[in-house]
Amino acid sequence: MMDRPLKSRETIAWGFAGLGCFLGLWTLLTVSGLVPRQFLPTPLDVVARIIELLTTPFAGATLPQHLASSFGRYIVGVSLAALVGIPIGLLMGWFRLLDDILAPIFEALRFIAPIAWVPFAALWFGTGIGGPVMIIFAGAFPPCLINAYRGARFVDPRLIEASRMLGTSHLRTIVEILLPASVPSIVAGLRVAAGLGWQSLVGAELIVAATGVGFMMVQAQANVSTPTVMAGMIAIGAAGMLIDVLLRQGEALILRRRGLGA
Amino acid sequence: MTRWRQTGIGLATFALLVGLWFALTAWSGIISAGRFPSPTDFWSAFVQINTRGYAGGQLAAHAFHSVVLVVMGFAVAVSTGVPLGLWMGWSRRAEAAINPVFLLIRPIPPLAWIPLAILWLGLGDAAKIMVIWFAAFVPSVINTFSGVRSIERPLLEAATMLGTPRWRFVAEVLAPAAAPMIFTGLRLSLQAAWTTLVAAELVGALLGLGFILNVAQQDIYPAMILVGMLSVGVLGFATTWLLGAVERRALVWNVAGSER
Amino acid sequence: MGSILFDNVSKVFGRNSAGIKALDNINLEIAEKEFVAIVGPSGCGKTTCLRIVAGFEQPTSGTVSVSGKVVTEPGPERAVVFQHFALFPWKTVRQNLDLGLRNKKLAKPQRDDLIAGALRLMNLESHADAFPHQLSGGMQQRVAIARAYVLDPEVLLMDEPFGALDAQTRVAMQEELVRLTRVNPRTVLFITHSVEEAVYLADRVVIMTRRPGRIKEVLDIKSKRNVENWNRFQKIEDVMDQESFIHLRTHVWRSLREEKPDTTT
């Protein structure tokens, strides 16, 4: 009742067919006049606009410049989330009392979408770098914390017993046993955090920024420049995908060195 | 014993935090009222929005509006996403044809659809639902697809051996077998729906929780911002809990483990 | 009704030159209501034989026919009992049995009747509304057998059905299967690693060579069994104590050992 696996030839053929249909239908909608070109530029229009934006500024900067601004605050936000989240997660995984105290707080905050912090971010930081960084932090922090916590909490008990038997202090246990043992979990968490951070960045830039790709898209929307909006979407998507691919490679590398590869 | 201990510590922490809140704001003024509200400020804002209303309506009206949009967007996303995931999981050809398009759309963060949605559909409900649909659609498809692909082969062979016709196969074998992963997708979809709605309402709306946040921010009214944020949290929790209840009911046979 | 014919069946997995030849010219005739067990070293293709009869695999050359019709796809007339049960965990025992019957478009009263009969046959009446996870391994396999039996299949295909059970449950199930096939006989093709199991259960035992699998030998058990009248014993250990049984079992072991490359020199 289930399909047999396809040969790679067939897969590629069907892929092209599907993609072709999609792009074809899209172009047809615009070219036939069913949807005004102003609202639905053709795929080629969008590509042309992307190329244009590589050198021509819009809303104060070229596309690469906007991307650079976005990326800058992204790095700051994610790094902060990792620097704060991972140690706290490890400590919570090791000290039961800390877990009992902090876990309910994080549980309660979990349901407030990172984006809901935007008004406070705007209030406290205006359109400075602090605003987006705070939102990115809100998005990237939970995976960093949770994965570090899980790594520490669910470490092989026999490793802990061996460490105890050897008379290891708390601090040394955390740094030399828990941390290395949790690396796979932490690395996976970083990858998820990077993804969530990038998504939160977009949201933040729609509201509390004066540069960056999200800001560019909002300006484009106000100016009814649909190709620019779409160019921004594609740029964000491509950048996000690149980040994910790079991190997956890094994760695979680290796991392989540990002998944990798939 | 540990249950009591945990609850005890939780309550103690909560009490401590509230105390700290009072101390840092109202009593000592270390945190000025313009940056973060004191508990009393918060309370009066809460009372205000529930009686006189704020930003065009009472809290209940805003909350109701937001919840309705989330539920509608979620429903549309799930009722399109899950069947697509099932189809792609079952038919290799469908997977091969649809995957490239999916790979093109998937990396675009849900919130990035907001400017386009506003351009196309304005600031009304339709635009919100469209954005929620895009955001919540993807996790449903991916998790349903994964769920179908990870079904053990003998189960599928047994169903085929029993002569199960196509639609019964999908409804009574594929879908239930993939159900645990489908529900994981649903949970992610609900999360995405809330995030997207709040963001969309922040960017442009006339009613709703995100709108409260927006207006409060412009009015420089921190207490009301806090009211908005907590409302989002509470409603997010409530809807998630409801979904969890449905999941527990539907997966009562699944002893192998329901993931959090 | 229910005869199986392997006609020059070969099976190659994978592309031609890099392919693995699992079966090489299998010719075998199984009569109606005959119980045939296939034993052989790992990878000899015995499971492949069963899967071809079931319709899950196609032979590369040759054909397999059941009741004179060439097999092309799976169906309830060739019911399968899987090693790991393959019960639908979201359905109760009763619903698991019901699916095949509903596919046959039988009316509810008739289905209920058949299910009640199967439950009684396999001693599952008190568990009819339980979910699989609530049952032990042995009980789950009984449900799987009931699910196959309730379809009144021409042929019963059993793929190492007791392999996932612990030793004691396994013995109980073997005795159960003997009882079952006496009360309700039909053609059975039974794949197993266990020589004792094969000799105890089958009318004939087919011994296969190692890959590429060929039929090395076919041993007739039934005649010995009838001559010595093993049927007079209820308990399996009494049967296994018989000289005729030991003799047959040793014969199969010796034959299999020749198939194992000698690693002791």
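Letters A, B and C mark the chains in the order given here, with residues in each chain numbered from 1 onward.
Assume a residue touches a chain if its C-beta (ideal position, glycine included) is under 8 Å from a C-beta of that chain, and two chains touch if they have at least 3 such contacts.
The structure presented is a predicted model; accordingly, all values stated were derived computationally and were not measured.
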| item | value |
| --- | --- |
| By count of C-beta pairs in contact, the leading pair of chains | A-B |
| Chain whose average C-alpha position is farthest from subunit A's own | C |
| Between subunit B and subunit A, distance of the C-alpha-averaged centres to the nearest whole Å | 18 |
| Between subunit B and subunit C, centroid-to-centroid distance (C-alpha), Å | 50 |
| Distance between the centres, which are taken as Cα means, of subunit C and subunit A, whole angstrom | 53 |
| Multi-partner residues of subunit B (each touching 2 or more other chains) | 159-160, 164 |
| Subunit C: positions in contact with at least two other chains | none |
| Subunit A residues counted as touching two or more neighbouring chains | none |
| For the subunit A and subunit B complex, residues of the former touching the latter | 1-6, 10-19, 21-22, 39, 97, 100-101, 104-105, 108-109, 111-120, 122-124, 198-199, 202-203, 206-207, 214, 217-218, 220-221, 224, 226, 229-230, 232-234, 236-238, 240-241, 244 |
| Residue numbers on subunit B that touch subunit A, as the complex places them | 5-6, 9-10, 13-14, 17, 34-36, 90-93, 96-101, 104, 106-116, 118-120, 156, 159-160, 164, 166, 169, 191, 194-195, 198-199, 202-203, 210, 213-214, 216-217, 220, 222, 225, 228-230, 232-234, 236-237, 240 |
| Residues of subunit C touching subunit B in the complex | 54-56, 73-76, 78-80, 82, 84, 86-91, 99-100, 102-104, 131-133, 147, 151 |
| Partner subunit C, residues of subunit B touching it in the complex | 152, 154-155, 157-165, 168, 172-173, 176-177, 179, 253-256 |
